[in-house]
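Down below are the structures I want you to see.
What follows is a pair of complexes built around subunit A, which joins subunit B in one and subunit C in the other.
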Partner chain A sequence: MTTTSTFKSEADRPVVRRPWLSRWSDPDDTTLAVILLAPAAILLGVMIVYPVGRLIYTSFLDLSLTSGLPARFAGLGNFKQMPDDPVFWQATWNTVLITLITVPGSLVVGFALALLANLPFQMKWPVRLSLLIPWALPLSFAGLIFGWFFHSEYGVVNDVLHRIGLPGVIWFNSPRLAFAAICLAIIWKASSFMAMIILAGLQTIPRSLYEAADVDGAGRVRRFFEITLPLLKPTIVVALIFRTITALQTFDIPYMMTGGGPGTETATLAMYIHQNTVSFLDLGYGSALAVVMFGLSMLVTALYLRMIRGNGAAS
Partner chain B sequence: MSSERISRLAGLMLACAATAFATSSSADTNLKVFVTSQGQPAIWRTLLDQYEARNPGIKVGIELGGTTSDMQAQYLNTVLTAKDSSLDVLMLDVIRPAQFAAAGWTSPVATDMSSYLRAYAEANTIDGKVVALPAFADSMFLYYRKDLLDKYGLQPPKTWDELADAAKKVADGEKNPNLQGLSFQGKAIEGAVCTFLVPYWSQGKVVTKDGKLDFDREAATKSLALWKGFADSGVAKKNIAEVATDDTRKEFQAGNVLFAVNWAYAWAMSQGAESAVSGKVGVARLPAIKGGEQATCLGGWEWSVSAFSKHQDEAKKLIEYLSSPEVSKYVAINGSLLPTYGKLYKDADVTKAVPWFAEAQAIVETAKPRPVTPRYNEVSEAIRTTVNAVLAGATTPADGAAQIEARLKRIIR
Partner chain C sequence: MSTAVASTFDSALSGKPLRAIAAFILIVNGLFPALWILLTSFKTEAELTQKPITWLPQAATLRNYFQAFSDQPLLTFLFNSFMVALLSTALTLLVSVLAAYALARLNLRFRGLIMSVIIAVSTFPLVTLLVPLFETMRALNLLNSWTALILPYTVLSLPVCTLVLTSFFEGIPRDLENAAMIDGCTRFGALFRVVVPLSAPGVFTAGILAFVNAWDEFLLALSFNSNPGLRTLPVGIQLYQGEFAFPWPVISAALVVGIVPVAILIMIFQERVVSGLTAGGIKG
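Right, the complex of A and B next:
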């Protein structure tokens, strides 16, 4: 966003000299900047730059721990393997589909929940708390819970169907139904995150705007589209960036619910990476797959950032 | 900052942490044994207590992990890739020693293997080195409800067709909608590999020959079609693709299953206090495809010493104890885990506890091992996900067989 510009102005400011700095350690501006930035730089270096660099390096190696052979430079060998790998295509397609379905899905549901929570309740905390719970639940628990919900024999979904006189469905036998169940679980889980961010945004909109609109005779719908939505746009874009990136990395919920089944019909790219590295110990190919996912995430982030910049210029 | 400098910095920090921990040493040697949570840890605990009593100065702790063979392997893969020294002794599924040895994760042990059953001597000897010692033997058996077969004047089936007929006859007579004719493993777990292989082998086919792929697509289609047929005709339940090994055990034990494909461990629990079928269970050889031979899958678990253990000698001594005839006999009697020594199958104490073990030796000795390759995890994945997809109805048996073949071709070249 606007970090670079603020930073510049910060640096321009005269450095306030603290009395406890002794003379020999009294640095000039450049040194001080280096000292102050060092912790963040080291942290970023150790936690992000080094692992990502190492990942990209490994993606060019033929490195499989089960082969018993030492790592060997393979050039683009790992990447060339992908086009003929049916599971790669299936997992990538599933990941894209999950993103396309659950991002708008959780936005719509989250928005509705935020609007509900923003109503002037007498007691606000029960509403807020119930919004928070799905978000606070670990992803794998959510996957496990929904896995049980949709279990064909012990699940509550089929139980409800039986009670209203409908036949039960073996959800995880059908790729489509299994996929739908996964999307539902993800939307349930992610909506509360969206709702919380949007709720925070809603509360920054001054009430006076609505009162003025009221005076001018604008109805509920008009007020929503003319005031709420435009003022929430930056909030929504930020929420969408976070949501889209986590959607591209979807792992826990399908892993716990279906394990990618039936067959590999509901596997995601993150699951396939995990399988290649942790189960097959093919670190080279797994890293190459992870590089593809990294690229996909970067691409989407770049698109969103462009969107924000476009918005900023317009407003 | 260069990556080299960063890794040096990280190394320094680790070294500091290591020295901080190293100061808290005690006089005892502490060994950590990884036991599968499905491997009846309570029994092993009793044996380890005995070992501690006999070997002052040695303390042995158990670490449990994973409910299925593949989940245990995933956990061990992460621990051992990191060269973590916290585990000294590992309990491994019979399919793992070859892979773990190839990865350099296990230490060779010098032991004479001639007294063990031959299948286990072979599975644990890789390139002439003994890399693990047998914990217990196993193979898949057909569990059946003796009371129900007797009631309808039926014999344990010799072919899968006979099994389907028997199941129909009992179902027609019992009119119990909760009674399943046959339960087997259709979930995409390690057990599903055996599900596929049993009828495939029964047709006299192999997966690999001299390390090369020798896949018979027709036999594979027939195997997949057999299992799918059971689900379609109502002999097995419709959601068989959701069933894992222990589900089969629980449902059989609850009295809801006539025939079940399962390992030896299910016996002890089927005769336990919580079982609805105690005293009504028979165990037989798995049926054959019509015109084929009766085949079964070799199972069992092994003890190995982690190459990263800091107590190599103590750990080796421990696994020699854990795979001794004394221990094998104890777990056979108390956990219905099949002995790894031939002579124990006829042992009076063993056959008193588990009568059918007297006939089990021949079955275990002719059980076939799953393909031995360092890339076994990939072979397993290709087979079990396809078995699961076919049983769920997402793929046809013919397409499934073609998929298995295509995926195996990429793995075993």
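Right, the complex of A and C next:
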């Protein structure tokens, strides 16, 4: 890290003759901080703070672009509409279920992949590449490809089932099977990122800890539960929270695989927001739905920030 | 001795056969979908509807690739994706280099708060802003334009890039900057002539992350740019599907064309990408 720096503070810097431009081009710390942080602040203000305000405002409006009527204040009308909307319940339930299934699922698969990738391979790049490609593959492509994998006639999944003597399945006709196929695709896509994060954590664990455990006669399983898992806990918690928030926003994979079908059986909250906004142009109801999702993810983010502060105090 | 037995057992487990099996599992898991699409892209339509299905193409053909470019404006989709990703990456880097420098070098009074805001934004669900952004872009007449995507994508990658760059800047000795400033550089001069070049690997890493984020994004691109001339690749791919027909070999060829540029980028810069992902994901 930095050794003693030449000047302890701004005040110690040698006074050189400053040309008239220097107040702008060579400012003091406070001015500089404002200049440096301003672009980011403006961008966040325009693209996040203002839209969030706008979102909350619109959620109280009766604003449908198809009706051609001007926006009308509707109070809690949009929110009152939700409990009686079966698609809202369906989409919310699906979103929660996807989160509950794919977050632990991708953790378990990711952990397994990370443990395998942590073996002392002579060539590291093929292994690393096979974790990176699923991460870099666009979600929409993954959805399209897995949709093709599960095709009832020409899909590779049914082909494998036939080869091992099992009957093929019409995946996308049944809500449950379609949902299972979607979850599998999401777990596949998410687990490689999880594996990379866990692998990086594994590689920071000092070898000496394992050697000490070896001397004490601890076996592989005990070493895993008493050294690996506790030391990786902070890493895993952060990765899980990121995954949870991403899972709440699930859109691309179900949109590409099933389009929400059969019916609306596999629709997610994000898909329902998109449909209300872009297809029905019912901006009021779309906003109210988004407020619900916003609340869900703020809850998870609050948890995350608390946990980070906890870690910071500990280390 | 039981320890000896245990360690023999261990070394058998981590021996060559295990490593071979592990490598096989990892590679099949990671590359099978991409490989399957590659194989499909060489098959003919007739071969595709054979039963039982074939795994390797029987009469490999490149016709699907020509058709992918002629059936739909694939080149336009690629160009849109590329320009949107490139411009948003450039904007993200510019903004995050400035912010990260302030966070790494200045003794900010609200540093903790600013860091919390950055982390909170990194988990922000952009989906929820679909309505207000859609409204705003509509009002500004920006629907069906690159700008409609460049701005949200910049915000999407800003937190991660800022975190990655902050940790890189912190690793550069202050003396180098001070030396440059004695030699008559201004602080901005020192930033862009000394700090940024020295943290080129970090800037590059952040750039790749921003590029891939933008290249992959689907929902906003689908909602804002539906005009075929302005569709990005993930959205454009949908146009290949007919009402009932699903010309898989051609779609596969288009997918391969879309995967290859990013795959090459990642193959060359693997280590950087991994270090960036883990730095952005873990450090807070």
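Criterion: the second predicted complex is superposed on the first by the 266 of 315 C-alpha atoms of A that agree within 3 Å, B and C clash if a C-alpha of one lies under 4 Å from a C-alpha of the other, contacts with A are read in each partner's own complex, and residues count from 1 in each chain.
What we mean here is this: a residue touches a chain if its C-beta (ideal position, glycine included) is under 8 Å from a C-beta of that chain, and two chains touch if they have at least 3 such contacts.
Since the structure is predicted, the reported quantities are computational estimates derived from the model, not experimental observations.
Trainee: Of the partners subunit B and subunit C, which touch A:261 in the superposed model: first, second, both, neither?
Mentor: The first partner, subunit B, only.
Trainee: Once the shared chain is lined up, is A:45 touching subunit B (first), subunit C (second), both, or neither of them?
Mentor: first
Trainee: By residue count, which of the two partners contacts subunit A more extensively, subunit B or subunit C?
Mentor: Between subunit B and subunit C, C touches the greater number of residues in subunit A.
Trainee: Considering only the touch criterion stated at the top, classify A:208 as touching first (subunit B), second (subunit C), both, or neither.
Mentor: After superposition on chain A, A:208 lies in contact with neither partner.
Trainee: Figure out whether A:173 sits in contact with subunit B (first) or subunit C (second), or with both, or with neither.
Mentor: After superposition on chain A, A:173 lies in contact with subunit B alone.
Trainee: May I ask you to decide whether A:273 touches subunit B, subunit C, both, or neither, giving the answer as first, second, both or neither?
Mentor: second
Trainee: Once the two structures are superposed, pull the subunit A residues common to the subunit B and subunit C interfaces.
Mentor: Residues 46, 50, 54, 153, 278, which sit in both footprints.
Trainee: Give every residue of subunit A touching subunit C within the complex, in rising order.
Mentor: Going by the criterion above, the answer is residues 1-3, 5-7, 13-14, 16, 22, 25-27, 29, 32-33, 35-37, 39-40, 43-44, 46-48, 50-52, 54-55, 58, 113, 116-117, 119-121, 125-142, 144-146, 148-149, 153-154, 156, 159, 162, 188, 192-193, 196-197, 200-201, 214-215, 217, 219-220, 235, 238-239, 241-242, 245, 248-249, 251-252, 255, 270, 273-274, 277-278, 283, 286-287, 290-291, 293-294, 297, 300-301, 304-305, 308, 311-312.
Trainee: Can you list the residues on subunit A that touch subunit B in the complex?
Mentor: Touching subunit B from subunit A are residues 41-42, 45-46, 50, 53-54, 64-68, 86, 151-153, 170, 172-175, 259-265, 275, 278-281.
Trainee: For a test of understanding, state which residues of subunit B touch subunit A in their complex under the given definition.
Mentor: 1, 3, 6-7, 9-10, 70, 73-74, 77-78, 81, 99, 102-104, 187-188, 238-239, 241-242, 374-375, 377-378, 381, 385-386, 388-389, 391-395, 403, 406
Trainee: What part of subunit C is in contact with subunit A in the complex they form?
Mentor: 2-3, 6-7, 9-10, 13-14, 18-19, 22-23, 25-27, 29-31, 33-34, 36-37, 40, 48-49, 51-53, 55, 94-96, 98-99, 101-102, 106-108, 114, 116-117, 119-121, 123-136, 151-152, 154-155, 158, 162, 170-171, 173-175, 178-179, 181-182, 184, 186-188, 212, 215-216, 218-219, 222-223, 233-235, 237, 248, 251, 255, 258-259, 262-263, 266-267, 270-271, 273-274, 277-278, 281-282, 284
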